[in-house]
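Shared between the two complexes below is subunit A, which has subunit B as its partner in the first and subunit C in the second.
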Partner chain A sequence: MTLELLLIVAFGGAFLTYFLGKISPKLRNSFAVINALALVVMTACLYGQTVEKTLHFGFLGMPFVLRINMLSWFFAITIVGIGLLSIIYSLKYIENEKRLDYYYFTTLFINASMLGTIICGDLVSFFIFWEMMSWSTYLLISYKGGDKALFAGIKYIIMSIIGSLAMLIGIISLYTHFGTLEISTLAVQIQGASLNYILFILIMFSAAFIIINAFWPLHTWLPDAHAEAVSPFSSILSAVLVRKGMYGLYLFMYMILGLNILNKLKFGFISFTGVFCWIGAITIVFAALTALLQNDSKRILAWSTVGQGGYMILGVAFATTLGMAGGTFHILNHCIYIGLLFFVAGAIEYRTGGIRDLDSLGGLIKKMPITFIGGLVGILGLIGMPLTNGFVSKWLIYKTLILGNRPFLAFAAFLGTWGTILYGYKFIHNIFLGQLPEKYKDIKEVPFTMRLPIIILTVLVFLFGILPGIPLKMINIIGVSLGFESLNVSLGGITSDSGTLNTINIFAGILVAGIIIWLIFKAGRKAPKVNQYDSYAAGAAIPKGKYHYTVNFYNPLERMITPYLKDFVDAFYIKITEWIQNLCNSVRRVYTGYVSNYVMYIVLFLAFLIFVQLKWSLW
Partner chain B sequence: MGELSLLSNGVNPVLLVVVPLALAFAVPLIGFVSKKIIKYIPVVAFLFNLIVALLLIPSVLKQPIVVKIGGFAPPFCINLVAGPIGILFSALIALAGLLVSIYALNYIREGPQEKYHILYLLLLTGATGVVLTGDIFNLFVFFEILCISSYALVAYLGNKAGIESSIKYLIQGSVGSSLLLLGIGLLYGQFGTLNMADIANQIHSASSPSIFVPMVLMITGLGVEAAIFPLNAWLPDAHSSAPSSISAILSGIAIEVGLYAVIRVLFTIFDASNFLMFFVFLGVLTLLIGEMCAFSQKNIKRMLAYSSIGQIGLIVFAFSIANTYGVTGGFFQLISHTLGKGLLFLAAGYMIYRSGSMDISTFEGMGKRMPLTSLFFTVGAFSIVGLPPFIGFPSKFMIVRAALSTGELLFTILIGIVLLGTVIEGAYFFRVVQVIYFKKGNGNPERKKAPISGLISMFIFVILILVIGVYPNLITKILNSAASELLNRIDYIRSVLG
Partner chain C sequence: MSISNGVNIWEIILSPLIALIIGIFFLGLARKIIARIHWRYGPPITQPVIDIIRMFSQKGISHGFIFDIGIILSLTGSFIVILFLPLGKMCPLSSGGLLAILYLMLLAPLGIALSSGEAANPNSSIGISRKFLLALGYEVPLLLILLAVMTHYNTISLIEIVRIQSTTGWSFGSLPLLLSGIAYFLILPAILGIRPFEVVGAAQEISSGPNAEFGGKFLAFSTIQHALHEFIGISLFVNLFLGGWGLFGILEPITNTVWSVIFGIIIFFIKMLIVFIVELFINAVFPRFRIEQAVRYLWKWPTLFAFIGLIVVVVVK
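Then we have the complex of A and B:
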C-alpha cells in the first residue's frame, strides 16, 4: 500500500497544490512544502525494504508493477530530497513571478513522474512516467519566457522525444519478443536472446539515456535548458532529472541484461562498455574545457553537469566493484553539490536582479557570507577536495581506472579535474572576490528560506566527505544486488587489497595541521586589514569600481583551447534542422494552389496504378 | 444484463440513419414555430444516436445485426449491416456530432443558421449511412450526401477563401465521385449485384484484370475523400476556411469515413491482401508529406489540416500492416485522431475568434487570456503527438507493436520513419504551445473565457482523451471485434448472406 500511497500523494499533492493556489497563495505555498516533506518522510520510511507487487488494472492488459529496492530507494531519496529543498528555496525566490500555481504544480508533477519512473517495475509504466516527466519538464523550462528560454525548451523536448521514441521501439520490441514487460521476468528471459538482438535493444535504450544524461555527442540540449530554467528548477534538472538517465542505464544494463551478457558484448577489441567509457572520457574533457570559456554563472554549472556525468558513466561502465561504487556515489555527490551551486547562483541572481554575467559581478563575499560559504563548499566538492564528498567518489573512480590499467581514461579524468579547478576558481573569484561594484553596495544576504537549502546541502557535502561510510554502505548493497562483489566498507571509507581510504584519518590530520598553522600565524605579526577598494596597482591610484580582474579571466588559455572547442556537434544539429526546414518548405510546394494540378494528381494516380498493373501485374 | 440485451434487441439500427435525416428535413418546419430551438435539433439528434449506438454495442459484439429493408433477403434488397465496425463508427460519429453541435450552440452566430444545421445533420447522416450500409450503390449515395453537404459547409462563411476552397473541393470531389461511380458500374456489370457481401462472395470467380480496374477506380474515388496522398490537395484549403466546428467534423469524421470506405473496399470486397504493401508505402508517404507541410505553416488551421493528413497516413499505414494489432491500432488511432483533432479545432476556433487572426504568432499570451481553452488545446496537441497519459499514446503504442510484431526488417525501418514523422509533428505542436503560454504577448491581457457551451463540449473531449488514455482497456473489446470483422471477411459474408 505504501508504494501506491506514495504515488497518490505525489500526484494528488501536485493537483491539490494547483487548486489551493486558486484559494490563497499562502495556503498553496505551505501545502507544497508539506507535500514535499511528506514525500521525503514516506520515502525515508521505505529504507531497506524490497517490495514488488503487481496490480492488475494496467495498460492494454499488461499488469502494473510497483517495486522498490535499494537502487530505486537511492534514486528516490535524491528526488524527494532535492524536490523539497527546491520548493523551500522557491518560496522567496519566485515570489514575484506570475503564474505561481502553475510553477508549483509543474515542479511537483515533475517530481511525481520522476518518482514514478523509479518505483515502477515494468517497462511500459516506466515509459509512461518517463514521457510525463519529459513533457512536464518542457513546460517548465520555458517558464520564464523570452526567446532564449523558448529555444531551450523546444531543443530539449525534441531531443528528448527522439530519445524516448527510440526507447519505445526497444520496449515494444522486447514485448513482442518475450510477451512481458515486467523487469524481473524480463531479466530471466532475456538471457536466452541472441547477442545481435540484445545489441539492437541496448542501442535503442542507450540513445534515450545518453540524451537525458547529456553525454557527448547528445549533450547539446542541456547547457541551454539548465541556464534558461529558473534556478530552483535548474537544480532539480541538474541534480536529479538528468540522472534519471543513469538510473535507466543501471536498470537496463545491470538489472535486466546483467553482467554476464554485458561482458559478452564484444566485437574484436571494441566492447560495449568500452565505448561507454570513451563517451564518458570525451564528455569529461570536452565539457570541462567548454565550461572554462563560459561567462554565465549558470552556464558554467550546466557544462559542469555535463562533465560530471562523464565521471559517473566512466565508473559505472567500467563494471568493476570499485568503479560501480564510485560511479554510484558520484551520482549522489553530484546531486548534492550541483544542487547547492545552482541555489547559490540563484541567490546571486535574486539579489542582483537576475545578473548571471560573471564579468559584472564581484566582491560579494562580505555581503553574502552564507552564500559564499555555500558556493565555496560546492566548488570544493565539485573539484573533489579531500574532506568533501566529491573527493571520495573521484578517488574511487581514479582508483578503478588505475587498477584497470587504463592510463588514457585516467588522464582524461585528471584533465577534467584540472579544468574543473580552473572554472571553479573562476566562479568563486568572479562572483565573490575582488572589488565590490558600486551598484551592489546595499546588497543583503538572501532570506532564510533560501539560506536553509544552501546550509543543509553544505553540511551534507562535508558529512559525506568525512563519513562516506553512510552512503557507501547503501551503495554496497546496490552493487551486490546488481551482481558485483561486496566491498569492505567502514564508516570512514573503504578497505581493500589495493588501497585503503580512511577519511576520518584525513580529517584528523587536516585538523591537526590546521591548528598548527593557525598557531604559527597567531604567533606571527598581525596582517594589516585594508578595505575592499584599496587595491594595489603598481603605485597608480585607481578609481573605484574600475579595477576588477574578471574580464578575459583565462585569456591565454582560452586563446589556446578555443579553436579545438567549437561545439561542432551542436552546429551540426542546427544545420540538420535548417536542412529539414528547407526540405519541408519545398515539400509544401506539392500543393500548388491550382485546382487543375490537383485534378491531374488524381488522374495520374489512377493511371499510375493501372499502368503498373498492366506492365508488371504486381498485384 | 438480460434486460439490457432485450432492450437493445428492440432498437433498430435504421434509426441511426432515419432520425437525423428526418430531423434535417424537419428543421425548416420547426423554424416556422421558433427560430431559437433550431440549434438544439442536432444536439437532440446526436444524443439520440449516441444512446442508440451504445445500446446496440452489447448485442452487436455477439452477432452483427443485418437489417433487411423491404423484407427481401440480402442479395436482393438494400440492407444495413450493423457489425462492430459499423456501430463503432456510428457511435464515434454521434459522439463527435453531439459534442460539436453543443459547441456550435454559441459558436455559429452569423450567416444562415438554419441551413447550417440542416447541412450539418445531413453531413453526419451521410457519414452514418456510409458506415452502416451493406449495399455498394447505397454507399455511393450516402457518400454523395456527405460530400455535397461538406462542400456547402466549407463555403458557409461566404468569404472569398471559403468559396474558392469550396469550389476546389467540389471539383476534386466530383472527379472522385465519378471515378467511384464508374467502378461501381463496372462491378455491377460483372456480377449483377450491388450487395457488398454478395460481390465479395463472388470476387474470386472473376479474372484478375477485370476486377483490378474497378478496384483501382473505387479506391481512387474514395481516396479523394479519405485524403490519401496525392489525392488530398483539397483538404488544407477546405479545412482551414470552413468554420472551426465544421473543420472539426471534416477532420474528425469526414475523412475517417472516407478511409472506412477505402478499407472496406480493400479488405472486404476485393480481399486485396497483396495490394496492401503498396498502401503501407502510401501511408508512410502521406504521413511524411502531411507532417512536413504542417511544419512550415504559420496559419493554425492549415497546420491542423496538414497534421490531419499526417494522421491519416499513420492510420493507413496501421491498417495496411493487416495483422490483428495493426487493424486494432488503426481503429484506435482513428478514434484518438477524432477526439484529439476535434478538440484542437474547437479550441483553435475560439482562440482565432479572440485574437482575430489565424496567424499562430497572434496567439501570444493566449495562456493568460483564455486559460481553459489554452489548456484544452495543449491536451489535444499532446494527445496527437502521442504522449502519455493521453489517448494518442496507446494508439501509437499499438501501431508500433503491430509493425514490430511482423518481425520484418522493412517494417522496423518504416516504423522508424513514421516515428520521425512524429518528431516533426511534436516540433510544430510544441512550438504553438510555447507561443500560447510562454511568448510574452503585447496584446491586451484581458481575461475572457470562451462561452460555457463551448467549454463544456471541449471539456468532455478532454475527459474522454484522458480516461481512455489512462485506461485503454475500456474500448479494446469493441476494437478487437471490429478488427476481427475486417480481417475475417468470410464471417462477414456469412452473417449477411446467411
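Then we have the complex of A and C:
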C-alpha cells in the first residue's frame, strides 16, 4: 500500500495545493511544505525495502506495476529531498510573483511525476510519467515569460519530444517482440534476443536519456533552460530532473540488459560503452571551457551541470565496480552541490533585484556571509576539493580510468576539473570578493527560509566528504544488485588492493595543521581591520566603485580559446529549425486558409484532368 | 612511537620541518646565486629567515575574515601536501595516492586566491587571474605526465612509484618515460613561478600581484608558503623521475635502519639541490613572458612532449 500511497500523496498534494491557493495563499504555502515533507518522510521509511506489486487497472488494459529497490530509493530520496528544500526556498523567493498557485502546483506535479518514473515497474507507465514530467517542466521553464524564457522552453520541449518519440518507438517495438512491458519480465526475455535488435533498442532509449542528461552533442537545450527558469526550479532541474536520464540508463543498461549483454555489444574496436565514455569525455572538456567564457552566474552553473554529467557517464559506462560506485556517488554529490549553488545564485538575484551579470557585482561577502559560505562550499564540491563530497566520487572515477588503462579519458576528466577551478573562482570572486559597489551597501542577508536550504546542503557537502562511507554503503548495495562485485567500504572511504582512500585521515591532518598554523598566526602582531577603500593604489586616490577587476576576468585565455569553442552543434540545430521554418512558410503560401483559393485549386486540377483526357484520351 | 594505523608521529613532525628548512634555504640560495650571476655580492644566505622573523613582528592590515582564513588555509594546504610527499624514505600519509596529492595541491593557491580576492585590490585580482591561467597552462602537460607515470607503473601510489624505481632504475632513464621527464623539466619553471614564468608576482607591472595587500605576518606566511611551494614542485619531480631516495642501490646494505632513512633524506636533498640550481640558471638569464605567451608556450612544446610520451607509454604497454 505504501507505494500507491506515495503516488497518491504526491499527485493529490499537487492538485490540492492548487485549490487551497484559491482559498488562502498562506494555507497553500504551508500545505505545500507539509506535503513535500510528508513525501520525504514516506520515502525515508521505504529504505532498504524491495517490493514489486502489480495493479490491474493500467493503461490500455496492461498491468500497472509498482516497485522499489535500492536504486529507485536512491533516486527517490534525492528527488523528494531537493523538492522539499526548493519549496521551502520558494516561499520567500517567489512571493512577489504572479500566478503562484500555478507555480506551486507545477513544482509539486513535476516532483510527483519524477517519483512516478522511478517507482513504476513497467514501460507504459514509465513513458506516461516521463511525458508528464517533460510537459510540466516546459510550463515551468517558461513561467517567467518574456522572449528568452519562451525560447528556452520551446527549445527544451522540441528536443524532449524528439527523445520521447525515439523512446516510444523502442517501447512499441519491445511490446511487439516480447508481448510484455514489465521490466522484470523483459529483463529475462531479452537475454535471448539478437545483438542487432538489442543495439537498436538501446540506441532508441539512449537517445531519450542522452537528451535529458544533456550530453554533448544533445546538450543545447540545457544552458538556456537552466538560466531562464526561476532559481528554486533551476535547482530541481539541474540536481534531479536532468539525472532522470541517468536513471534511465541504469534501467536499460544494467537492470534490463545486464552486464553480460553489455559486454558483448562490441564491433571491432568500438564498443557501446566505449562510445558512451568518449561522449562523456567530450562533454566534460567542452562544457568546462565553455563555462569559462560565461558572464552570467546561472549560465556558468548550467554549463557545469552539462560537464558534471560527463563524469557520471564516464564512471557508469565504464562498468567496473569502482567506476559504478564513483558514477553513482557523483549523481548524489552533484545533486547536493549544484542544488546549493543555484540556491546561492538565486539568493544573489533576490537581494540585488535579479542581477545575474557577473561583471556588475562584487564584495557581497560583507553583506551576505552565509550565502558566501554556501557558494564557496558548493564551488569546492564542484571542483572536488578533499573533504568535500565531490572529491570522493571523482577520486573513484579517476582511479577506475587510470587502472583501467584509459589515460586519455582520465586526462579529459582531469582537464575538466582544472577548468572548473577557473570558472568556480570567477564565480566566487566576481560575486563575493573585491570591492562592494556603493549601490549594494544597504543589502541584507537573505531571509531564514532561504538560508535554511543553503545551510542544510552546505552541511551535507562536508558530511559526505568527510564520512563518505554513509552513502557508499548504500551505493554498494545498488552495485551488487546490478551484478557488480562488493566493495570494501568503511566509514571514511574505501579499502582495496590497488590503493586506499581514508578521508578521516586527511580531515584529521588538515584540522591539526590548520589549528597549529592558526595559533602561530594568532601569535603574530595583531593586524587591524581596515575598510575596502584603504588599499594600495600606488599613491593615487581609490576610485569608488571602479576599483574592481571583474570584466573579462580570464581575458588572455578567452581570446585564445574563443575561436575554437563555437557551439557549432547549437548553430547546426538552429540552422535546421530555420530551414524547416522556411519550408513550412512556403507550404503556407499554398495552404492559405481561404476557401476561394482551395476552390481554385480544385477547379484548376479538374481543368488539368479534362485537358489531359481531351488531348490524349487516357481513360 | 606510532598511533594505531601505522602512522608515525616522528615522521609527521619531522617531514614538514625538514621541508620548511629546505624551502627557506632554497630561497636564500636563489638570491645568492642570482646575485653572483649578476656580479653582485648578494645578501647572506640566511636573509629569508631574518625577513620572515622581522615581518612576523611588524604591523600588517587585515581586510576581513576570509583575508585571514585564506592565508591560513594556503599554508595548511602546503603542509598537508608535504605530509603526502615521500621525503627520502619518510612518507607520513599515503591514503589516496597521487590523486589525493594532485587535489590537495589546489588548497594552497585557492587559499591565496581567496585571501587576495577579499583585499579588494585589482592588482591582486589580476595576479590571481594570471595565477590560475598559468596553472591551467602547466596543468595540461603536468596531468599528461602524471597519467603517463601512473599508467606505466599501473599504480596511483607515489610511494609505490618510488619503490619500483629503486629496483628498475629511474623513470628519467627508462625509455618510455623519457619524453614525460623532459616535459616535466620544461614546465618546472612555470610550476615554481620563476622566470620566464614570473607573471603572477610581477613586481613592476602589478605590484607583486597577490602579495600587493599583504603586510606583516601575512607577508611572512605568504613567503613561507612560497618556500614550501618550491619544495613541493621540485620534490614531486625528484620522486617521479629521479628515483626519490634511490642512488644506484647504495642504501641496500643498511636498509631498514635509521641510517637508511637519514641517508635517504640526504640523497633526496642533493637531487633537489641539483635540479633547483639548474632551474636557477634558467631563471637568471631569461626575461619574463607575457601571460598569453606563457600559456601558448606551455600548450605547445611541453604538451607535445607529454602527449607523445603518454602515447608511447600506452603503446609500450
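We adopt the following convention: the second predicted complex is superposed on the first by the 586 of 619 C-alpha atoms of A that agree within 3 Å, B and C clash if a C-alpha of one lies under 4 Å from a C-alpha of the other, contacts with A are read in each partner's own complex, and residues count from 1 in each chain.
Keep this in mind: a contact is a pair of C-beta atoms (placed from the backbone, for glycine too) under 8 Å apart; a residue touches a chain by one contact, two chains touch by 3 or more.
Note that the structure is a prediction, hence the values are computed from the model and not measured.
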item: Which of subunit B and subunit C A:Met560 touches, first, second, both or neither; value: second
item: Contacts of A:Ala527 with subunit B and subunit C, given as first, second, both or neither; value: second
item: Touched partner set for A:Tyr143, first subunit B, second subunit C, both or neither; value: first
item: Touching partner for A:Ala187 - first (subunit B), second (subunit C), both, neither; value: neither
item: Touched partner set for A:Ala410, first subunit B, second subunit C, both or neither; value: second
item: Touching partner for A:Met42 - first (subunit B), second (subunit C), both, neither; value: neither
item: Which superposed partner A:Val51 touches (first subunit B, second subunit C, both, neither); value: neither
item: Partner chain(s) touched by A:His429 [first = subunit B, second = subunit C, both, neither]; value: second
item: Contacting residues of subunit A [partner subunit B, same complex]; value: 57, 59-61, 124, 127-128, 131-132, 134-135, 138-139, 142-146, 149-150, 153-154, 157-158, 161-162, 165, 168-169, 172-173, 175-176, 580-581, 583-585, 587-588, 590-591, 595, 597-599, 601-606, 609-610, 613-614, 617-619
item: Subunit B - residues contacting subunit A, complex; value: 167-168, 171-172, 175-176, 179, 208-209, 212-213, 216-217, 219-220, 223-224, 230-231, 233-234, 236, 272, 274-275, 278, 289, 292-293, 295-296, 382, 385, 387-389, 393-394, 397-398, 400-401, 404-405, 407, 412, 415-416, 419, 422-424, 426-427, 430-431, 434, 437-440, 471-473, 476
item: Of all residues in subunit C, those that touch subunit A in their complex; value: 7, 16, 56-66, 68, 71-73, 75-76, 79-80, 83, 93, 95-97, 99-100, 102-104, 106-107, 110, 113-114, 117-123, 125-126, 128-129, 132-133, 135-136, 139-140, 143-144, 147-148, 150-151, 154-157, 207, 212-213, 215-218, 220-221, 291-292, 295-296, 310, 313-314, 317
item: Interfacial residue positions of subunit A with respect to subunit C in the complex; value: 363, 365-366, 369, 372, 376, 383-386, 391, 395, 398-399, 402-403, 405, 407-408, 410-411, 414-415, 418-419, 421-422, 425, 428-429, 433-436, 493, 498-503, 505-506, 509-510, 513-514, 517-518, 521, 524-525, 527-530, 532, 534-538, 547-550, 553-554, 556-557, 559-560
